[in-house]
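As written, the chain order gives the labels A, B, C and D, with residue 1 at the start of each chain.
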Amino acid sequence: MKNKIYQSFDAAMADVADGSVFMSPGFGGVGIPRNLLAALHRQGARDLTGVSNNTGTLDEKVDVGTLIAAGQVKKMYAAFTAPTHPSQVTPFVQMYNNDEIDAELVPQGTMAERIRAAASGIGAFYTPASVGTELAEGKEHREINGRTYVLEYPIHADYALVRAWRADTFGNLQFRMAARNFNPIMAMAARITVAEVEEEIVPAGELDPDKIHVPGVYVDRLVQIPPDGIWD
Amino acid sequence: MATDKPRLQRQAMCDRLAMEFQDEWIVNLGVGMPTLCSNYVDPDKDLVFHSENGVIGYGPLAPAGEEDPHLVNAGGQNVTAVPGMAIVHHADSFALIRKGMVDVTVMGAYEVAENGDFANWRIPTRKGGGIGGAMDLAACAKQVFIAMEHCTREGQPRMLKRCALPITAPGVVTLVATDLGLFRVTPQGFELREHAPGWSAADIQELTEAQLIIPEDLQEFRFRG
Amino acid sequence: MKNKIYQSFDAAMADVADGSVFMSPGFGGVGIPRNLLAALHRQGARDLTGVSNNTGTLDEKVDVGTLIAAGQVKKMYAAFTAPTHPSQVTPFVQMYNNDEIDAELVPQGTMAERIRAAASGIGAFYTPASVGTELAEGKEHREINGRTYVLEYPIHADYALVRAWRADTFGNLQFRMAARNFNPIMAMAARITVAEVEEEIVPAGELDPDKIHVPGVYVDRLVQIPPDGIWD
Amino acid sequence: MATDKPRLQRQAMCDRLAMEFQDEWIVNLGVGMPTLCSNYVDPDKDLVFHSENGVIGYGPLAPAGEEDPHLVNAGGQNVTAVPGMAIVHHADSFALIRKGMVDVTVMGAYEVAENGDFANWRIPTRKGGGIGGAMDLAACAKQVFIAMEHCTREGQPRMLKRCALPITAPGVVTLVATDLGLFRVTPQGFELREHAPGWSAADIQELTEAQLIIPEDLQEFRFRG
């Protein structure tokens, strides 16, 4: 069996080229691959496109905002491109206001479905979300069974950086509680999936095959979060 | 002047909306004020609280020191598990929303219009917007309830003939609680159902751009019993 | 909490009206809701439309073929409308050859995705499967990123009859191994979902929320398979 | 007459295709003859067998008496679990297929054409068809290998210029094993790579409608070592 276990986050992020598209899950502060994002920050790849629910927070923690603040990101796909409160001037907001970064604002469910479409070879799909709003302007509409839908396309990525709770050596992943969020669909959508793992990486065969959230065939690299890693 | 009278508290507004929740409903509460709806508990009703991050069936906020660090609601607050809770991923969570299984979503808003439009994601003078799951929820939930202050900080009405801001979804709002009362959105426009104590229909109309329908059975605002 | 537990399969199937659309999972002989199908057969509803991977087998076991043979089904959506071997003349094949039943042949992955679309409020989607074949004739095509896709629509249903391994009283379902197959997507797609359960139905709270294949909000009725029920 | 010579056995045909599987490949084996491919085991290669019912990483057929009644492959046979196996539902299983993660699918066929078309789901004289997952797999797998008898029972060729039967997918077949040899589908047509022992290229051409390309390095068929 191919060895998927990497000894460091830096090794797992070493080959990310300038211009890559990366997905970064997380919602409400949990399930964020902070160690891998920190490694990608150290690695220094530039002109990245990020796919993430938000564009970074104002806390001191590592998230996509860390890469944005460092100027590594040229474009974000996100469900929030303005802060929920005007007082929250994140690095993204400053750069966005100065046209130093591009962004596409995507309704969260549409974003999840566009990621899932990439993960499932769907060419495009019709969703009712955003119909009748500014965000649907210029998009193709279609009435189906008396309801109007808008056409949306997949969001593909080169890398998914995910944060798992448990894994086995084959790459099977499990998540815990709300830390699941975007993790499974991003892990299944990207070309190369790298997981940081909170619990011990157990030998293949020790996880119940009925209780796996991401099959190991989708996962390329695993890094155990060390005691001195970023845990929160 | 009408505007000097005491207004309803946020918790009272959210209590009132929560009184409309029916047994077995799946309820999605937006970040901010709407989360207060979960503080109103009717023991005769079983509600399922759904959070767009895939938590189906969460309970009250976790007591300090008893937080499960992996278990948060849409606002990132640590909530508790209730028996029967299930977790799904984000795509499955919005699958549930788009299928129309959410009976009600309660959201904040900048503006609501008498045709049921509302706006809560973008102020054109600022670049970008904050949608989160609001467009998916607004387009697909069976009902949309709005909890908001009746006027802006500058005293301008938020209950309008037509929204001035970019809307979140067209024609979806069914019920609005403001600090001045409870309003139903009807095909004819806003119907004032309940007024804040001390506020007359005329007082409220004065702070409302849209023409209010004042029913014969207008009631005083109902507070938690 | 609403009581979802029914004491008999007959009670759980009592309200199925003539003309209903029902989904019936199962693949390779496992995960088939044989007890509920037997009850629907006894109940006698007619003019049904069935959604199922196949149209019944030649063994003596209860499956969709039981309803078809009884003349209860007017149309099937299936990935097999001809037997894999010409010698297998099932009741469906006889009736189909005599134009006594209608059928729409759907590639299996397209069927799964059409069911999933119904379960997720997607109006329609583009798939590459069947492009260039007879089955795509007359359907809308679209080229996306250099690849040709065909437009497919959801398959909705009034009832899903599913076969779970474990359940709790809130309706949360778990499946075991390959018996999962179409069960979760059908359970999530239908308007009313009825599950027959192999293991004991445990009190809500006893299943790990991270290990649930169908959230209880999708499930309306549960019946424990009794010792003298159909187990295989 | 050429047709009287001994032909390759089904297991040998499937062994030969399986020799082409590469380390780490995700392999999907169609019902019937293709399942024989899993009987050829190369200890230097780790393969992941995927079955369209959502079983990712199954092992050999279960020994009699040790069957897990819930664990079957696409043909309904009881298979065994291998360490690392994971189960997904049908929509997720075909998501994996459509994403193009299956490195090879091996199928049976009625006909294969020199342009890579093949037909395996419908005979127009019979009503209906049996597609199963073949169209999804054929359209989306990285490679499609075909294992079939070289001729019909009536002795008619199955390797054609163009398929006469309704096709399963256009232009997707890359390799064909028949009881007469191994054929690669090239932009110029079928290239005979290996011939069954005792069969000359001319013998095989005689039973093939399409014009075969006969390379200088034509080999005898490779059997399990």
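Odds and ends about this structure:
We adopt the following convention: a contact is a pair of C-beta atoms (placed from the backbone, for glycine too) under 8 Å apart; a residue touches a chain by one contact, two chains touch by 3 or more.
The shown structure was predicted, so the numbers you read here are calculated from the model rather than taken from an experiment.
Chains that touch both chain A and chain D: C.
Among the remaining chains, B is positioned farthest from chain C, on the basis of C-alpha centroids. More contacting C-beta pairs link the chains of C-D than the other of the two pairs B-C and C-D.
Chain B and chain D, compared by their mean Cα positions, are separated by 58 Å. One inter-chain figure worth recording: chain A and chain C are separated by 33 Å, centre to centre, where each centre is the mean of the chain's CA atoms. Centre-to-centre separation of chain B and chain C, using mean CA positions: 37 Å.
Distance between chain C and chain D, defined via averaged C-alpha coordinates, is recorded as 29 Å. Contact with two or more other chains is made by residues 87-88, 91, 94-95, 97-98, 140 of chain D.
Across the assembly, chain C contributes residues 113, 116, 120-122, 127-128, 176-177, 180, 209-210, 213 that each touch 2 or more other chains. By the definition given earlier, chain contacts exist for A-B, A-C, A-D, B-C, C-D. Against chain C, in their complex, chain D makes its touches with residues 31-32, 51-55, 68-77, 87-91, 93-95, 97-98, 122-123, 126-137, 139-140, 166-171. Contact residues of chain C toward chain D in the complex are 27-31, 53, 79-84, 86, 93, 96-97, 103, 105-110, 112-113, 115-116, 127-135, 165, 176-185, 213, 232. Against chain C, the residues of chain B that register as touching in their complex are 23-24, 26, 46, 48, 50, 56-57, 81-88, 91-92, 94-101, 140.
Chain contact summary for the complex, chain A toward chain C: residues 113, 117, 120-128, 142, 144-145, 147, 149, 153, 174-177, 180, 209-211, 213.
Residues 1-2, 116, 118-122, 168-172, 188, 203-205, 209-210, 212, 215-218 of chain C are the ones that touch chain B when the two sit in their complex.
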